[in-house]
Structure formats: C-alpha cells, structure tokens
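Note that the chains take the letters A, B, C, D and E in the order they are written out, and that residue 1 is the start of every chain.
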Amino acid sequence: MTTFWLISCLILLSTAGFALGRHRALVSAGGQVRNLHSLPSYYGTNVALSISVPPLAVLSVWLLAQPLFIESHVAAMIPLEMIPENVNLSLVMSDVRRVSEGLDIAIYQGLMSAGEVEILDSEASDLRGRLGDLGIALGSDVRPEILDAARRYRTMSHDGRLMMTIVVGLFALVGFSRSYGQTDKDYRARNAVERGGMALLIVAASLAILTTIGIVYSMLFETINFFGLHNWRDFFFGTTWAPNFRGDSELSILPLLWGTLYISFIALLVAVPIGLFAAIYLSEYANTATRSFAKPLLEILAGIPTIVYGLFALLTIGPMLVRVFGRGDDGLLGVEWMTGATSVLTAGLVMGIMLIPFVSSLSDDIINAVPQSMRDGSLGLGATKSETVRQVVIPAALPGIVGAVLLAASRAIGETMIVVMGAGAIANFSGNPLESMTTITTRIVSQLTGDTDFASPETLVAFALGMALFVLTLGLNILALYIVRTYREQYD
Amino acid sequence: MSHITKEAHGGSLLAQSARTKKRNAAETRFKAFGIAAIAVSLLMLFVLVTTIIGKGWGAYQQTFITLQVELLEKKLDKKGNRNLSDIKKVSTFGYAPLIKSAVTAKVEELGVETGLKSKQLVGLLSKGAAAQLRDFVINNPDRIGDTVEFRFLASSRVDGYLKGRVHRESIDNDKNISPAQLDLVDALVLAGVVEKTFNIDFIIGADASDQRPEAAGMGVAMLGSLSMMMVVLALSLPIGVGASIYLEEFAPKNWLTDIIEVNISNLAAVPSIVFGILGLAVFINYMHLPMSAPLVGGLVLTLMTLPTIIISTRAALSAVPSSIRDAALGIGASRMQAVFHHVLPLAAPGILTGTIIGLAQALGETAPLLLIGMVGFIASNAPDTIAEGLMSPNSAMPAQIYEWAKRADPAFYERAWGGIILLLLFLVTMNTVAVILRRRFERRW
Amino acid sequence: MNDMTLLERKVETQDIKIEARNVQVHYGNTHAIKDVNVKIEDKTVTAFIGPSGCGKSTFLRCMNRMNDTIQACKVSGNILLDGEDIYDKRVDPVQLRAKVGMVFQKPNPFPKSIYDNVAYGPKIHGLYNTKSELDEIVETALRRAAIWDEVKDRLNAPGTGLSGGQQQRLCIARAVATAPEVLLMDEPCSALDPIATAQVEELIDELRQGFSVVIVTHSMQQAARVSQRTAFFHLGNLVEFGETGHVFTNPQDARTESYITGRIG
Amino acid sequence: MNDMTLLERKVETQDIKIEARNVQVHYGNTHAIKDVNVKIEDKTVTAFIGPSGCGKSTFLRCMNRMNDTIQACKVSGNILLDGEDIYDKRVDPVQLRAKVGMVFQKPNPFPKSIYDNVAYGPKIHGLYNTKSELDEIVETALRRAAIWDEVKDRLNAPGTGLSGGQQQRLCIARAVATAPEVLLMDEPCSALDPIATAQVEELIDELRQGFSVVIVTHSMQQAARVSQRTAFFHLGNLVEFGETGHVFTNPQDARTESYITGRIG
Amino acid sequence: ASARDQVQVAGSSTVLPYASIVAEAFGENFDFPTPVVESGGSSAGLKRFCEGVGENTIDVANASRKIKDKEIAKCAEQGVTDIIEVRIGYDGIVFASDIHGNSFEFTPTDWFLALSNEVLVDGQMVANSAKTWADVNANFPAQSIQAFIPGTKHGTREVFEDKVILAGCEATGAFDFLLEAAEGDSAKAKKKAAEKACISLRTDGRSVDIDGDYTETLARIESNQDGIGVFGLAFYENNTDKLQVATMSGIVPSTESIATGEYPVSRPLFFYVKKAHIGVIPGLKEYTEFFVADEVAGPDGPLAEYGLVSDPELEKTQESVSEETILGGAS
C-alpha cells in the first residue's frame, strides 16, 4: 500500500471513528446531549484524533527511518572494491535506488514480471536502455552487484512497507479502542481535545525558537571560521569597509551599520507618517467605497517586486534628486551637493514608498478595531475628529501601530535590491543623506553571491555580518519589549 | 465651576468662534494630510504600474514566421527505416540546413530581391526553430519526406523591429541584424509571412536560454510560484495564527514566552537571504530535500512570512476588547471556544491583512531562492502532478524576472516587465480573495 | 413620595433653549423616533422617561448630533438650539457638542489616567491657562461628580480600572469639566448607589442654575425629584410633555398614566 | 415600601450552595476585598448591596472565577461550591462557569445576531437536540428576559444595535438560556424601566425555585423585593449579612444603618 | 527518497548564459532532462560544489575564475577530491559609454589617472583631483569623470584592477614610487602593499561600484550620459544600439582580437565537475562533453555567436574531458 493510500485510509478511519465516538457518547447519555460532559462532536474528535495522530506520527518516523535502515543493510551487500576510490557510498546507493525504482516501474507497467526481475541478468538485457525507455535515466550501465543490491532494496522496501502498514494499522486500532473505550458521558472529551489543540498551538509558537536555532546553526560555524581568519577588532571597531580580491581587506561592520540605520531611518521617515495618515484617513474619514478600493490598492505597493523599486530609484527618483540637489548652476537649487543618482535619500525615499502598506494596512485594521464608544466619548465632549484620533484613538491603538512600524523597520533592514540600486555599493561613514552608502544586508548578499574565494574572509564575512545583525536586532527587540512593557504597565 | 462661564463656548452656532476656527483649520489640515498621504501613495502606485505596463506590454505579442519545410529523408533518416533511436541521433544542428532551404525557398517564391546570404536569412528565425522541427519529427516520424507548414518564432531583433524597439538607426554596430534583413522583413510582412499575434506562450511557456528571448515564457515559473504559495499559505497561516493565539491568549507571562516573543519580532528583521542560508543548511543538506524544489522554497518562504503574520495577528487579537472574551467565558465557554468562536472572527481583518502583506512579500522574494537553487536557468516542463510540482526543480516568478532583467538581450528586458505584470496579476488575484474575506469580517463595535 | 412637593415646585424657566420640530429618526428600516416636537427650556432640568427601547437615547443623541457617527441612522426634521438649526450645513458639530455636552448610557472612560480623562475636555477647549488651573478644574469636576474621595489617591491610575459606578461618575465629571451650556445625561445614575445618586442629583440641580440639563432616567422618583419638565416617550412617539408635576399627577394620555402607575416601590 | 412584608416572608432555604472563606482580593496594590466570609444558600436570592466601588462586582466575579481573566487580580482564601473548592487546581473553570452563570454590569452582547447571542450557550453546552428545540430555548429565554416582543421581528439583527436596556435584557436572556445552577447578576436592571424591572424580578423569583441567584443592586427596594438574604459591603469589607428582612429593619452595624437610612425615595 | 535524474549546475552568473544555452540544447538533443543551471556567483557555486559528494549536492560548478588552492583543500576536507576542470573560453571585458556621447580611446594609464585614489605628481603621491577626462588626458573631451565599475563582489573587478589599474599604475611610474615607499619585511610584502595602494580607488563618487549586473550599469549610463561603464563583451554586443565601445591601447575589442590576445582585458571561464558523480548522475558525462564539443563551444558554435571568446585550445579541453582528467594530475 502506498503512503498515499495509507493516509487516505487513516483519514477514512478517523471519519468513521468520529461518527462512532459521537454516537457512543450520545448513547451513553441516553440520547440527551445535556447529560454529556462535552458536546458530542468533541467525543468524536477525540476518537478521530486518537486514531489518526499516533499512527501518523509512527508513519512519518517510519518513512524517515526505513530508507536509512534498508540502505545500511543493502550497502553492506556492496563489495567495498565496487566503490571506486573517493566515491561516496551514498552515490552508489542513489544508483541502487534508481535501478530499484526502475524495476518497480517496469513491473507496474507490465514490462517485466516479478519473477523475471529476480532472474534478470544485467549484462545480457541492456537494462540501462530498457529503463531509459521508461524514463529512468541511468548514469552508466548497470553492474551486477548494483542490480543485486537493487533487487534486494526492492524486496526489502516492499516488506518494510507491508510491516509499516501493519504497525500503523495496529496503532490506529489501539488508539481507537482506547479512546472509544473511554468514551462515556462523564469523560472530559472537550478537555482532552483542547489539550491536544493547545499542544498544537505551543508547537506552532515554539517553531520560532526552532527557526532561530536553525539560523544560528547555519551561520555559526562559518562565523567562527571568519573570526579565525580576520581580526575581530577590525570587524567590530574598524572604520573602513573595503573588501579586496587580493585578501588583506578591511572589513568593518561599523560603516555598514551606519548605512543600515541611516537608510532605514529615512525609509521610516517616509513610510510611517504617510502610512499612518493614510491609515487614519481610511479608517476615520473615508467612506466605505473609498476605503474598500484604496486599501487593497495600497497593498499592491507591498507586492511590487523590489527590482522595480530599484529601477524606479535608479531611473526616476535618483535623477530627480540630482536635478534638485546637484548639477551646480544647472540644477534647481543651484547647488552641487549630489554627484551620482545613488544616495541614502534615493534609497530611503523609494523604500519608504514600498513600506507604506506595512504601516497603513495594519494600522488601519487596528484603528478600526478601537471601539466606537471611545470615539463617541471624545466627540461628545466637543472634540474634533482629528483631536479624537490623535488623543484617544491612536493611543488606544498604539501597541498595534508599534507592531506595524516594527515590521516596517524590520523589512527596511532586510531590503537589498532597492539599496543596491538606489544607495550604491560603497560603504561610507557620513551624515550627508545625499551620499552613497550601503547596508549590512546588501553586503551579505553581495559577498555571498560574488566571485570571491569561498573560504576567504571576504566571503565568510557575510556570515559574520548576518550573525552580528541577528544579535544586534535581538538586542534592539529586547529593548523594545522592555520599553513597551514599562509603558504598558501604566495602562492595564 | 465659577471661573468657567458660558462664554467659554458662547456665541452663535453659525458663526465659528476664533478657537473653533483654529481647531477646524487643524482638522482640515489633518484631513488634508490624510488625503495627501493616500494621494501620494496612489500616485506612486499609478506611476509604477503604468511604467510596468508600458514597458511590459510588448511581451504579450510575438512575431511569427510561417514557412513550409521539406523534411528531407536523407538528412533526417539516412537509413530510411524510421527507427526512432536513429532519428534521435540527428541533433538540432542537423536540422539547420532544412530551415535554411525553407527560408531561401520562401524568399525566392515571393520573389523578393535580397542580397542576403542564407545564414543571414536564417537569422530572421529564432534559434529554437531547429528544436521545434526536431520535436515534430520525433513525434511524427512518418511525416519524414513530406513538406509541412510550420509557424516559427521570429528572432528577437525581428520581433523588436516590428514592435518598434529596434530601429534602423540604432543597428549600425549590431551584428545580429542588418538593414538588408529589415528590408526583407518589411517585404515578408507585406506578404503575410511574418505576423505579430498574441503570445500565449509567454504566459504558459517555460524559460529559454539567453539566445532565444523570443521563446521564453513565464508559465512554468508561475506554477513554481503557485506551488510555493500553496505551501506558504498552508503552513504559515495556521502556524502563524496558532502561535499568535498561544502567545496572546494563553501563554503564561514568563521568561520562556518572553523569549519566544522577542524571537519572533527578531525573525522579522532577519534578512531574507539568511533564510536561504538556513534553507540550504537545514532542508537540503540536513534533511536531504531535493534541490531547486518549490517545496523547499515554500518552506523557506514560510519561515520568512511567519513573523509578519504573527505580528499582525497578535496586534489584531489584542485589539479585541476583553468584554467579548468575558461574555463568552461568563456563559461557560472554554477559553479555546471563546477565542475560536468570538475573538478570532473579530481579529480576522488584521490576520488577513498580515497574510496579504506576508504573501506579497513571499511572492516577490528572490534572495532566499538564490541559495536553494531556484534562481537561474531552470527550463523544466510544466509538472504533471501536485507532488511533482512540489518536488521537481522549478523557478519562481520573481526569480525568473530577476534573471531576465540581468540578461544581455534587450528583448529579455521587455519580458522581465511583462513578467512583472503577470506577477502583479497573480498577486491581485491572490489578494482579491483575502480582501473580499476581510471585508466580510470588518465591523466596528 | 409626596406629590404635593411636585405641584408646589415653581418652574422658573423662560427661554427656549432647544426646540425640536417634527423630528424623525430611522435606523435603516427601524423607525425609532416618530415626529417628535419638543421644547427644552433654558435653566431647566428636563427628564425623558419611557420604557426601554422607546427612543430616549436616540432622541438625546439627536440633540448634539452624536447620531452622525452611526452610519445607519437618518435624522429628519429640525432641531433648533437658541433658534439656530443644528442640522444646518453651516453648523460645526464640534462647536455644537462643546455647547451641548453628553454623558453616555454606557460609561466609556478613555484608556487614559483618571486625571487625563477629566482634563481632556478643558484641554481641547482651552479652558485654562496654567497647569494649576487645570488641576483645579479637574478636582472640582471630580468633586461635583462625587468621586473625588475615591480617586484622589490614584489620579494616575487608568480610568478603565474603576468599578462600574465609578466609571459612570468619572464620565459625568468629564462632561461637567467642559462646561457645556446644555448637558445631556443618559441614565447618569444607573450604576450608582443612593448616596452617590443624591450627590449627582444635587449637581444637576446646581447646574440648572446656569444651564439646561436633559436627563434620561428610568426612575420615576428621580425624574420627579430633579426635573421641572418631563417628556414621556413611547414606541418612538412623544406621548406627553409638560411640567413634571402635571405629568406625574395628571397625565393626559392613557399610556402615560399606565406607565406611571405601573411603577413599583 | 412596607417593612412588614419583609419580616413576614418565610425564608425556606436549607443547603449552602456557595461558601466563601476568608476571601481576599487585590488588584495590584488595591485591596478590593478584605477577608470576606459568606454563605450563599441554595434556592435563595442573595442581594449584594453597598456603595459604588465597595467591591460587589469584584466579589461576584470571584464566585465563578471570572477574575482569572484580569491579570492584576489576585484572589486568596477559599470559595466552595457544593463543598468543593472552586480554586482547586483540579477544577475546570469552564465547567464551573457553566454551572455558575453571570450577567455583567456593562451589557456586552456579542457582535452577532440576537438569535446567535442567545443560542451560543445552549450550543456549546449541547442543551438541545433539534433546531426547533434550540428555537424554543431561545424564545423562552428571550421571553423570560422580557425582551421577546421587542426583538421577535429582528432576531437576525445584530445584538449590538439594541438600546441599552435591550442589550441588558439580551444578556440576561443569554445567561438564562444556558440554565446555570447559580446565576450571578451584576445590576441586571440598571438600565431597565420599572415594568421591565418587574418582569426581570419575576424571572429571578421564578429562577429561585430551582437555583440560587446572587444579585448586585443599588436599589434597596429591589433588594428588599427580590432577595431573601442581603449582604452589605463597605470598602471591601462584608459588614453585614443576614436575612433581608433583618438587615433592612434591624441592621447590626452602624454603617449598614446609615447606608440604608440614607436611602432616598 | 526518489533519485535525482537531472544534472544540477550552480555558480558564476557570467558563465550562466553560456551554460543555459548549452543546457537548453542538451535537453533538446538528448533524452536526459534539461540540466538545472543556478546562478549565485562563483563563490556560492563552488561552496555548494564542495559541500560533499552525493545526490543532494550539485554536480557542476561554474566559475569565472580558477578554483583556488584553499578551496581545493576545503573541498577535499569534505570528501570532494576528484575534480575535473573545464575551461570553456574567455570573457572579454570592455569599456563602453552612451552611444550619443563622446568616443574614447583609452590606455590603462588614463584609467589609473582617472580613478586612482592618489596619483604621482612631481614625485609626490597626491590625492586625485581630476574632474573631467580632459584633466586626465588632454586628448579627451572635458567630460566629467563618472565611471561605473564592477563592485568588489564581481570577478570582473579583479581583472579590471589587474589589467587596467595596475597596468596604469606601473605605466605612470607610481608603482615604482610606491614600491620604494612601501614598508614590509620581504619584497613580496612590499609588492603587495604597493599593489594595494595602486588599486585603491577614489571614493568621492567619481567611481561607482556596481554590485548588480551589466543591466544596472547600462541603466546608470542611460540616466547619466557622462557615465562610462565596464561590460562583458557579450553584453555589449547585444546592446550596440545604446552603447559605444572604447578601444584599449588602440585595440577594438572583439572575439577575434581577444582570442589572439591583442586586446588585453579578458579572463578565462571555467566549470568544474565532480568526477564521483560521473556514471551516477544521468547525463553528467554527456553534458560535459556536449559543452565543449566543437559544434557548441567552437568558434562557429552558438556560444561564440553569443559572445564567448572561443578557447584556441579547445581540443585539449575536449580530450581531458573525455578522459576525465582530474585537477592535480593523476586520474
């Protein structure tokens, strides 16, 4: 039985279990729902879950473990001298798997019988060609040892699957009989189901922790390698970012950090006021028609690929700024403050536009959720709408708005394409928003996707930058949490 | 309140007091700011969208050349026994002469005067013409020897010429096209051999190599994006909402939940490429999931989208007044029931907004896909089953756009913008469902 | 209750402060107020009584255009404040509401500190010059609403953390602090104990010296105690309107009589 | 009010339904309930009276653990329902609240239809088998809460679009529909006119036949009318607790007396 | 886990177009599925190449530079030992400016004088103050200096530094001067320091690093007509309608002039194959052979047509591919 069918069966069984459990509960209560501890559907769900969850868990573990087991077993069959020097066993095994799969398909399509497979002679039968016709491409001709192993692999997987079906079935049965036996009018089915639900919620929440562990796992070693090759003092306290193919680069995070903060700041300076005012207008002033088309339209801004924004920065906003702030006497202001089109301001402005919906849409929802009675209270005192919004609605919605702004800020820190095209690629320590700068994230991407030696500090610095940024934002988030907490305590 | 007199608000209602005037002016300003904010945003959207449409519209039309090709037996099946494996031995290079003679024949038939060599004549056709022929022959070996009519794609320069992208003045140094070729094209257009039609292959086809921009399509990448979005939606929405519910409604306030909370907001600030590093390390190297597979892409994008959904869902949940929860608990609902029956529906608009924004971000993201092998030249065929769609190598729309935008031939540039139109349509379709749902849940209380 | 006292009380009002002419209110299909004509006199307390759901709150909210915020609500007819139509296009509802203050039926303190709740009105109307003046306004308002003693030590605590009755008095203080010319109070004492009720009634009486007060109440006794005029609503109709003494002792309409006599306690 | 009737009324209660032992409640630093001991008898109406802010609602919310939802609120001491400590770890607060229903001080209908508001309790407790049974439960509950006539034509209209008093009765109907053993009512008639109040009081009396009812009220008359036992709270203390007749006619504590005699009307 | 059946390639985005042309033709002419060619840079490609041997690792890494010894060592550490190196041809690097603007005939000296951080003036290294090309070379028009050069992530940057800036540095005598002044223990260290000083470019905005691709450089030139950018030959040839190319030391860049070595600025392109995967991953060997076949990589093949400078020693490469000659000699 294939996994698909097995799962389908389990689903079918659970559905039946649901009905049975529900029925039994009702019977135990003499048909009167009110005599039950929980609603009948909870009893049904309890049975259904007991039938499906443990077997599914077993199934997934089995599916993971079986190939490992079989492979180690089959691998032992392959004579060592068969494995060419320096060829990994796993590669040979993938060949075995491929052949075995081909045999399976051949039998399935009726091209070979199971008996024929057993006596198949690899040399005589042009197995590579025959399997090739079935769409199973092989890298080379099939050697007898591989064919033997593949046959073995095939039978073992078949036996394994059979056993798996039995075990899974057993688990389902046990789960059923246990939960079905428990089903009684006094059994706390709702609590059981809700405990299960709660477990799921906790698993969902802890996924964040797993992700963090994954991130640290995937970057830590290379970061350590980097610090083995590069002076940590230069990384943290140096003032120059100048990677170099010849090695001996100066790789300091500080100018990048400055650029990151500067560009994000300008982006937020654009996005937060515009987004917030847009949200306020939409939720407090606009009529439903305006709101129902303007809001989704604004959300499109978040979905335009960043490459478009990058080009927009490069081709439209940048030259426009140069016309204003550059070109000396030809320019609008007659000043020569800006040379190229790329600058912190260019990137910040464009990124700000992209971030508008992050602030506007989320804030709009939160502002809309402030109870009308709050507004009434303020309006009833003779406040204008804007006073009401500023002094009552916004403070009430503040936690949500802060969340939206943090999200926008996070996005700003993580943005690459707009920065690369809008702000340039030169790390610069300067307060002038009309100069080019660059950010940590863009450097991570560019060092990682460049042509430098992958074991050199110039590439590995990407991991160190990633880790440093990670730790940095972690610190900022802890700070933010702390501030929000102390602030909140005044109100609840 | 002796010191507060009636004069505080005195006077006629119709005449506004000085203070009211001032406050109303502030009110008007405030409202104007709101309108300005919306106007600015919509203006930007308008500019962006018109730019995109203006630049990408061309990709939806394509130039074709109709030719009669004689499928010469002596070239295609020397032995004449129609043995498929022998026919297959003839590579696309072997088909070039057939095309050459077909073009020459056509030009002669029309009686167009041209001093072009046959190589330049073939230059009018896409480099994919030979492959098209070979495909046909392999599928219909019995037609060998016949003369069959084919509709070949024109080369990108010819196509560009008909679309106004390539001008006679600008081709002086271009070794891919010459004025004489353009003259011929003009003649062929008059003869109806060359025509521009709607280009369905752009919407349903697969990527093509750098030499054949005219053949490149978005369809397969679109399926890749669709598969990824299905994974993202199926995972990030339940997980995100589940995590938010736990954190906002049930979690005891202790250091552990604090850690989770800080973690989530921190994950939002992790650059997307780092999620790619994570995906490569964990999903491919550790869990041995296939490379370049939309499944892995979907998983990575799920992790990337989760913080967005969680943050917005939590904000929405906490905005639901506690009197609603009290009401439910007071009549004996469990907390779980109170949340799922009453709080969640009220928080739905915020959750959907988070989903819209999170998915928009996931749909447009390339950086993490770079590291798990979904960016590049992945010209696979459209997958047949959902499982294959998830597991077999594929690209994604933004990756495809990003790739096209990098390619040298300007024809790809047009396709990149055309692809962006498709991406936006995809996004709008996806959003529409969410927006309609959101409107149904929106209410004030 | 002594009916004599009611009759004896002299009604000393003269000017008409608010006049409603043919007012109709619809909530979508619900016809909530049907052709109501009423004159609210200056320096008078007017009580609105009537069974629950008869339209008292609705009509009250019409008088300072609070119904504008309810989408489904449509008002027609005229309401004149000092002879000026408040539904006139030129009228600024903000200025109107500053003149015609309101205490809502459900207490709705802002999620701010108690102090800020009360100071909010004076702040937006600029009723003070110095911080100490504001402190004074806040204290006076809280005292008049009979809640000062309970909150004086926790002025910085959030207003939402008060008990039901405290919130109600906070809202009264908040309305009083803005010094309106007309104060509309929707069941201001519903959550108050008798002593606090008495204090609020005292406040109402005091306010009457300078302003008009309209009060919605379910307590006939309260209406009789504090008001000079009483309006009886029934199913959206203004059934009877007149001097409180007359309405209670000598109702013209059968419905009024049955409502009043049906009273308990 | 006739004091005689009070004395004459026979208190026919026997079992103790709820017993509170040394209950203390703190909201952060506020000590809201101070060492309260009280016994609520079965098939009895107990009234909680006391000045606004004295802790009535707080104590009421302790009895079905609604205070669990307020972060700052800390409860100590024991509360026994049928002899079992409701603050015991093993007690499922959900089951407890199904037994001990509650009507809140501020009406809080769900933002759903009127029908769904009432049907929600029966739905989650499985109190019906067929749709028509549910319809019947809803109708009965609405009738008992004296609101059926007003809403029978708009059962699908949202509950939040009702008038204040209607919302209050809707909440009563919602609580009654779940058929709790104990019903805690926090000022259930504060927004009701006398006739509706009388109907709700009738309902309370009817409920008493099978269950216990605890009612918070500011109206001494109401307490006297509907309750058999009265508890008087003052500044967080339970000052006096006893048969309603005794408490009203013969208060033991000076504070009780002054509160009762300070009554008006 | 079902087995992978297509060749998996990753690496340099310079090689990507060529690899994709080959992959496409390979897919059309063979029964094997079309190989997957990922971009992501030589570094990332080689890194994944060296991740180990097995199905979940790539088979081929494209690189726009030779693999480094350090990388070979790292590979070996992770079990990737037998690596076949395939040189597919050369990539020409050209300087181009807006087609409507001035045309230029450069020498490395011009570029050094225009972009270097410090230049040698009267026996003294002073900060570069050149503002227009006329300041650099009197023959040039007074067009403001605005150079768009590859960012430090690009392999092209290394070639640019080596073959243009450093050459210019030496030609102006600045290199010798710097070598004199350099501090260091050994001659090697001194040379290194001098080279480093030579190639440090000005940061006042005259020279702009481009981290993106040639399309970005082109976009910049379109938005700033004074700009002169660095492009790949193939890219220039596809955009002759917008760009005009500058000569270097008098030579016009073209596939021919680069193949003969006349035009100095070019670099070889490679790909690397895991020998262990040959015979296991279907089509790997065929793909490799097809790539370097005459009809593909030869001077008349599609790669050359697209802009690859065909390798004069292609035959040798074909031989080593068919014999699976691994790096470091022994097979």
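What we mean here is this: a contact is a pair of C-beta atoms (placed from the backbone, for glycine too) under 8 Å apart; a residue touches a chain by one contact, two chains touch by 3 or more.
Only a predicted model underlies this, so the values are computations on that prediction, with no experimental measurement involved.
Pairwise, the chains sharing the most contacting C-beta pairs are A-B. In this assembly, C is the chain whose CA centroid lies farthest from the centroid of chain A. Of all the chains shown, the one with its CA centroid nearest the global CA centroid is A. The chain with its C-alpha centre at the largest distance from the centre of chain D is E. Separation between the centroids of chain B and chain E, computed from CA atoms only, is 30 Å. If each chain is reduced to the centroid of its CA atoms, chain A and chain D end up 50 Å from each other. Centre-to-centre, using mean CA coordinates, chain B is 60 Å away from chain C. Chain B has its Cα centroid 18 Å from the Cα centroid of chain A. Chain contacts: chain C has residues 94-96, 98-99, 106, 124-125, 161, 180 touching two or more partner chains. For chain E, the set of residues touching two or more other chains reads 1, 4, 13, 31, 33, 40, 44, 55, 212.
Touching two or more other chains at once are residues 9, 23-24, 27, 280, 334, 346, 370-371, 405, 445 of chain B. By the contact rule set out at the top, the touching chain pairs are A-B, A-C, A-D, A-E, B-C, B-D, B-E, C-D.
Chain E contributes residues 1, 4, 6, 8, 10, 13, 16-17, 19-21, 23-25, 27-29, 31, 33-34, 36-40, 44, 48, 51, 55-56, 58, 99, 212-215, 232, 234-235, 237-242, 244, 295, 302, 305-307 to its touches with chain B in the complex.
Residues of chain D touching chain A in their complex: 71-72, 92, 94-95, 124-129.
Chain A contributes residues 67, 84, 86-88, 90-92, 94-95, 97-98, 101, 132, 136-140, 242-246, 248, 310-311, 314-315, 318-319, 339-342, 420-421, 424-426, 428, 435-436, 442, 446-456, 458-459 to its touches with chain E in the complex.
By the touch criterion given at the top, residues 190, 194, 197-198, 200-209, 211-212, 214-215, 217-219, 273-278, 280-282, 284-286, 292, 294-309, 312, 316, 353, 356-358, 360-362, 364-366, 368-372, 382, 384-387, 389-390, 397, 399-400, 403-404, 406-407, 409-411, 413-414, 416, 440-441, 444-445, 448-449, 463, 466, 469-470, 473-474, 476-478, 480-481 of chain A touch chain B in their complex.
Listed in rising order, the residues of chain C touching chain A in the complex are 64, 66, 69, 93-99, 101-104, 106, 108-113, 120-121, 124-125, 156, 158, 160-161, 171, 174-175, 178, 180.
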